[in-house]
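What follows is a pair of complexes built around subunit A, which joins subunit B in one and subunit C in the other.
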Partner chain A sequence: MEERILEVKNLCTGFEVDGQTVRAVDGVSFHVDRGEIISIVGESGSGKSVTQMSILQLIRKPGRIMAGEVLLDGQDILKYPADSEEMRKIRGGRISMIFQEPMTSLNPVLRVGEQIKECILLHHKMTNQEAEERTLQLLRDVGIKNEKIRKDEYPHQFSGGMRQRIMIAIALAAGADILIADEATTALDVTTQAQLLEMMKELVKRYHSSLIIVTHNLGIVARYAQRIYVMYAGEILESGDTQQIFAHPSHPYTRGLLKAIPRLDDDKERVLEPIDGLPPDLADKSAYCAFEPRCKYAGRDCREKNKPVLHETDKGHFAACHLEAEELDEAEKNFEKRTLKRHHHGIIKEEKLLELQHVTKSFKKSGGFLKGGGEVFKAVDDVSLTIKKGEILGLVGESGCGKSTLAKCILKIYQANEGKILFRGKDIIPLKEREMKGLRAQISCIFQDPFSSLDPRQTAGSIVGEPLKIHKLVSTPEAYANRVDELFRMVNLDPALKDRVAHEFSGGQRQRLGIARALASNPEFILCDEPISALDVSIQAQIINLLEELADKLQLTYIFIAHDLSVVKHISDRIAVMYLGKIVEIAPCEELYRNPLHPYTQALLSAIPIPDPVVEKERKTIRIQGEVSDGALEIRGCGFRPRCPKATKECEHSMQMKEYTEGHFVLCNQIKKLKEEI
Partner chain B sequence: MGKYFLKRFGQMLVVLFLVTFFVYLLLDLIPGDPVYAILGNKIRPEQYERVYKELGLDKPFLVRYGEWLSGLVQGDFGRSIYYKVPVVELLAKRLPITFFINVIVMTISTSLGIWMGIISAVRRGSKVDNFITVFSNIFACVPGFWIGIILVYFLAVKLQILPTMGFTWPWEDFALSVRQLIMPILVGVLTSLSVMTRQTRSSMLEVVNQDYIRTARAKGMKEKDIIRKHAIRNALIPVITLMGIGIGFIFGGSPIIETVFSIPGMGNLLVSAIGNRDIPVVQACVFIMAAVICMANMAVDIVYGLVDPRIRVK
Partner chain C sequence: MRKSKFRRFMDTLFSRKIVMVSFVVVLVFLVMAVLAPLLAPYDPYEQDLMHTLQGISSEHLFGTDKYGRDILSRIIYGSRISLIVGVGSVLIAFVIGSTIGMIIGYFGGWLDTVVMRITDMMFAIPQVVLALALAAVLGNGLWNLTFLMSVGAIPGYIRMLRGQVMAIKEQDFITAGRVIGASPGRLMFFHMLPNGFSPILVFMTQSVGGTILGEAGLSFLGLGIDPPTATWGGLINEGRQYLLTNPVYSIAPGIFIVLLVMALNILGDGIRDAMDPRLRGQH
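Moving on, here comes the complex of A and B:
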């Protein structure tokens, strides 16, 4: 048996809220062996991060570790006070943690080299010179070039991905045996995420340490973890070997999650089955199974018997559910019949609803007060697109690719510098705001962050009803009230919630409000700017399905923006991939996934892990290095050239969009050769 | 950094130039004839003539302003009408005293305020925190002259342990100097301390909840070192801004303190000059105060750049 390096037994952590103890972690046990990569999976509020913070005793007031043991090499470390010498040696020295927010996790006023060196000197007796050398070594290890110069830079001079590399260097600095990556790659682009996870895996192997990946992303889990723990409402519901769990999920929640998330290798016709309802309020947890209220499989036992405990269903595979695997399968057969296959109608009329012709938006890099004009940076560079009535176009690209800028040009939040944006054949670029007013009712938008895009002081009803007043769509107060109720029902919200304010809703409900607001003015076209990126995985499917349903019912046309290709697959008819302001590939949905031509599209696809360990093993992956910004200053030829594995001299020449098969366009000078490869 | 400094310096010169303009406008803004306003109505025509010329009122405004400005650049503030000596001579005696007291007040109140703010934030909710909060709040709402009068009443009149007034340089009579300085400095510190303390406390509380402090804890650093190395520098960024304002506050308060304790400083000079309608002296005092505040703010911006690398790059 492998050396058991860390074992957590029956850990309970609570928070005092209004004189009541809320158990965020409720009897969690798990273990890690040396050299192993495990994963703790759960949605926000499941207690997965609190568990990890408890291990290091980083829980601050009003939180408190109430019970349990954390055995490091067999020694209970919870018996040391949080600020004791022993505990401090463990933190960073034995177990180190990489946090989610790379933008705020580094001290903004200290040089990055200093922040790494500090950690080395804390745990090792070294001279300053030696620590300095080790710092440089670490920076090289995590893939930071020019380390001698960069160590003296400050965090704000690094991109998000680079900052996370520095966080990893800090975590590795003192040679800890256990790395905890707490949603460490969540906020990053898919290609950067793949690079970082790959690197962590390498480093863990090289130093024979262990890695705990805490995430909500089942794809990452399938690609990297050897064992999984699924957390829900502060408890572990299922645990076991990755292969086992993905092949035979034994808990309804795990099954639900796997059905709810979109997969790259999905059949386009597969209906995403969301998990209904909301995660429980931890303040009043019942004595029964915590998942029962949302569980489609639940029977009488689940409401009558006590909370199910983890028990072995198979060798090394544990689940906390009253139902046996056979019973679950049986239940599944029944409701599979009930799932209606919806098919999106696609193009309704051969009518061009929105047409972009050579749209360009450039920004001047600010040169400062005394410097005068700076360089011009083209955020959107000669983009042409056509969307027909009823069509859903997925627009995909990583941060900095210009997709949001393009969206803002269409909404006329930004004024495009060149080109034409034709809505129903009428160019909207030269229109004055006054002339736009009628059109604004027809072009709507849904934003990414449901938490900050709704006015916190307005009631839900007035948020949804505001467009009605602006566009004078209703004449009487009764008509207004009726329409608002109707809009609430359209997005499956209870009109009785009208008088609440935004913070009383959950993330998914808020996004429904955002959708209802977008629908209020009876638009023809809705621009959805990453509408589900900020939501929990079990909720995402609800919103995707809702949007698809509404598109059918109301004959809507969408541009659906996302940063990742797995999300848009289900909903889109056509997909456009953007890189550095240009559309590099555009094709009908299935064609794009079957036959991606542009090296960037290929890289994007292979960076997304598929939540299935069997598939993952078979997959050939194309890795690209670097980040989007690496090519930003490249002017001649292809912007992707510096990162492209297939780049040759030819790529320095200017490019033309070429049609490869019908409707499949690609912007790449290598395209002839690529054709042969396929 | 050099560029940043030059830019700030340029901005300061613009501000100072505007200040001179408004200060000079003072003369023309006095209702009625400035000469009568200064000397009263019962004067002989020769007297009127002399002062009229002395103020340069026989020339157009811009010419007068130009002459005054060129004098000012060369360090000539004109002549005092009341004392009948060059204003510079008055300032040479008075200004150092005010500076001396204010620098001491500034140093004590900043360092004490920051220290108290940190203590109170680190030990949030403790007795020390409560005490500091109550203590600084009390003095935040009591006017300085009142504290001054109370101090004089108890320490000087009743207990007779300190002299009621006056100023002596430490090198002339050290013991007397210290005894005379205790009360004015105490008043200055007490009135300016609370803002500093409360700003430090709140910005410190914000900083200790930041993610990078969590990172530092996860590294295994001692709480003391986290505060010292990671928290304080970040917490001081807003406090530094306040220091600029604080300098203005303290200088603005010096007329009161100097009047209460009869200290022959610039504040006192300003108050009596206003009473005596000694316009050139008023102009000089106001200009110097404005200049001090401008320079303080520039210094603040430079320190800001040193502390926060994000500003330096821009």
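Moving on, here comes the complex of A and C:
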């Protein structure tokens, strides 16, 4: 057996809130062996981060580690005081942590090389010269080129992905043998995420250390982890070998999650089955199973018996549930099959609802004092699109590709510089705000962030009802109240909650309010700007299904923006992929997944992990290097050229959209070669 | 649920005893101003030349002035002037300043630049000097005084609201408002003002105290409201000549000013702390 390097036993961490103790971590036990990659999976509030912070004793007041043991090489490190010499040696020296926010976890006024060197010198006796060499070695290890020059640069001169690489270098600097990546890649683009995880895996192998991946993303888990712990409400509900858990999930929560998340390899007709309800309020946890209120499998036992404890269901596979696998399978047979799925073909009309012709939006980079006009960069570069009435177009691209700028041009938040945006045949770009007002009722938007997009000072009812007032859609106070109630019901919210203010709702509920507001003026067209990317995985499916249902019922047309190709698959009729302000590929949904032509689309698809270790093993991977270069600074020809594995001289010439099969357009000069490959 | 939030605010506000006391003091002064005719033991304008410049006695708690008028009654009536000028000028400054501030913050551009330079100029002139100059031009009635005290405060409100609006307008819910077709006026008054109001409320509470001091100062200099109207500053000024023989004449109104202004400042601090408990203890 491999050496057991870290073992956590029955860890409890609580926070004092309003005089009572909220147990954020409630009896968690897990272990890591040397050379192993394990993963702790859970949604926000499940206690997965607090668990890791407790291991390093980084919990601050009002938090407190209440019980448990953390054995590092068999030694309980919780018995050292948090500020002790021993603990400081362990942090960074033995166990290192990489946080989610690469923007804030580096010191902005110190050169990155200094920051790495600081960590080396803190833990090892070395001469400056030796530390310097080790720094360069580390930078090379994490894949930073030109390390001799770049070590003297400041954090702001690096992109998000690069900064995260530097964080990893710091984490490795003192030779820590346990690396905790706490949602370390969540804020990054999918292609960057894939590069980083791949690199960490490589490093763990090379240094024979261990990696704990803390994430909510089951795809990452399936691709990288050897063992998994599933957390919910501060407890571990299921643990075991990755293959086992994905093949035979034994806890209803794990089963539910796997049914709720969209997968890249899904059949388009698959219906997502959301987990109903909301995560529990940790302040009043019941004595029985924490998942019971949301559990579809739950029987009478679950409400009567005490909290189920983790027990072995199979060799090395543990679950905390009263029900046996057979009982779960039996219950599953009786579930009502949701058959609702769009009847696409009947709905899409021939009529063009929205047409973009050569839309371009450029921004001036401010040149600074006395420098005069700065450079111009095109955030949206000559985009043409047509959306028919009733159609759902998925618009996909990584951050900085211009998808949000394009959305804002359509909403006339930004004024496009060139081109035409025709809504029902009428160009909206030259319209004054006054002339636009009538159209505002017909064009709605759902925003990404359910927290900042609702006015914190208004009640839910007045947020939803505001469009009714603005467009004078109702004449009497009763009609207003009735319509607001109706809108609440449409998005499955209880109208009784009308008088609450936005912050009293959960993220998912707030997004429903956002949807209700968007629907209030009876729009024809809704721009969904990443409406689910800020939500928990178990909630995402609820919102996707709701949007799909509404599109069907109210004959709506959507542009559905996402940064992830797996999400848009379920809902879209057609998908457009954007890169550096240009649409590089557009095709009917299934066609795009079956025959991705553009090298960028291929890379994007390959970067998204599928939450199934069996499928993951079979996939061939296309890796691309680098990151979206900041700003399309007039690269001649194809913007993807610097990262493209297939680039040739030809790519420096200007490009034209070419039709490959009916409705499948690609912007690439290598199209002949691409065709031949297929 | 909203009530409970208000409740929580009140609980935090009054968790410090001194804030509680200040609140009570302010309340007492308000009641005093409103009910002056009922509370004052004498008519503040009735002269009694037989009993001038008396000291403390059971008939006249703070004695009488040089015309034999009851000083306590004059102080009680004087609180009306102080509060009208204090609250009134703050309200005027708030309405004018915040409207201008919101408009320039929202639209920006050349208008913003012009207005900001004007406020810079106004900041350069000391408030008292500005008030003196205006008093000379406008004359010195109650409403003139209220207005001229507000002028000096307007630039402050312009700046505050402009800053608030510039931060708030970048948030998604304002974009959301634009997308549903809300007019700039609606966005400013329904969405931005309520969200940016907390710091302004604190500022307003504290500047009522400052304005009362300013008004007393002007009255003391003889530029406030003409006698025989009773004002605190005027009383101190009158009593100045008798400071050695009859100190209560000046000291009594002085104590009232100190009490009210201190109470208002502490209350303002308390409101700020209650709105953002993280600021607790920083003064």
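Keep this in mind: the second predicted complex is superposed on the first by the 662 of 678 C-alpha atoms of A that agree within 3 Å, B and C clash if a C-alpha of one lies under 4 Å from a C-alpha of the other, contacts with A are read in each partner's own complex, and residues count from 1 in each chain.
Assume a contact is a pair of C-beta atoms (placed from the backbone, for glycine too) under 8 Å apart; a residue touches a chain by one contact, two chains touch by 3 or more.
Everything numeric here is computed off the predicted structure, so don't read it as measured data.
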Clash or fit (per the criteria above) of subunit B with subunit C on subunit A: fit
Subunit B versus subunit C as contact partner of A:Leu106, first or second or both or neither: first
First, second, both or neither for A:Tyr154, with subunit B first and subunit C second: first
Partner chain in contact with A:Lys315 - subunit B first, subunit C second, else both or neither: neither
Computed vertex angle (subunit A) for partners subunit B and subunit C, CA, steps of 10°: 30
Partner chain(s) touched by A:Leu411 [first = subunit B, second = subunit C, both, neither]: second
Touching partner for A:Lys620 - first (subunit B), second (subunit C), both, neither: neither
Touching partner for A:Lys432 - first (subunit B), second (subunit C), both, neither: neither
Smallest separation in angstrom, by C-alpha atoms, between subunit B and subunit C in the superposition: 5
Touch list for subunit A against partner subunit B, complex: 56, 58, 83, 87-93, 96-97, 99, 101, 104-110, 118-119, 122-123, 154, 156-157, 167, 170, 173-174, 368-370
Residues of subunit C defined as touching subunit A within the complex: 1-2, 5, 171-173, 175-183, 186, 190-191, 194-195
Subunit C-touching residues of subunit A, taken from the complex the two chains share: 408, 411, 413, 436-437, 440-441, 443-445, 447-449, 452-459, 466-467, 470-471, 499-501, 504, 514, 517, 520-521
Contact set on subunit B toward subunit A in their complex: 3, 7, 210-212, 214-223, 229-230, 233-234, 237, 307-310, 313-314
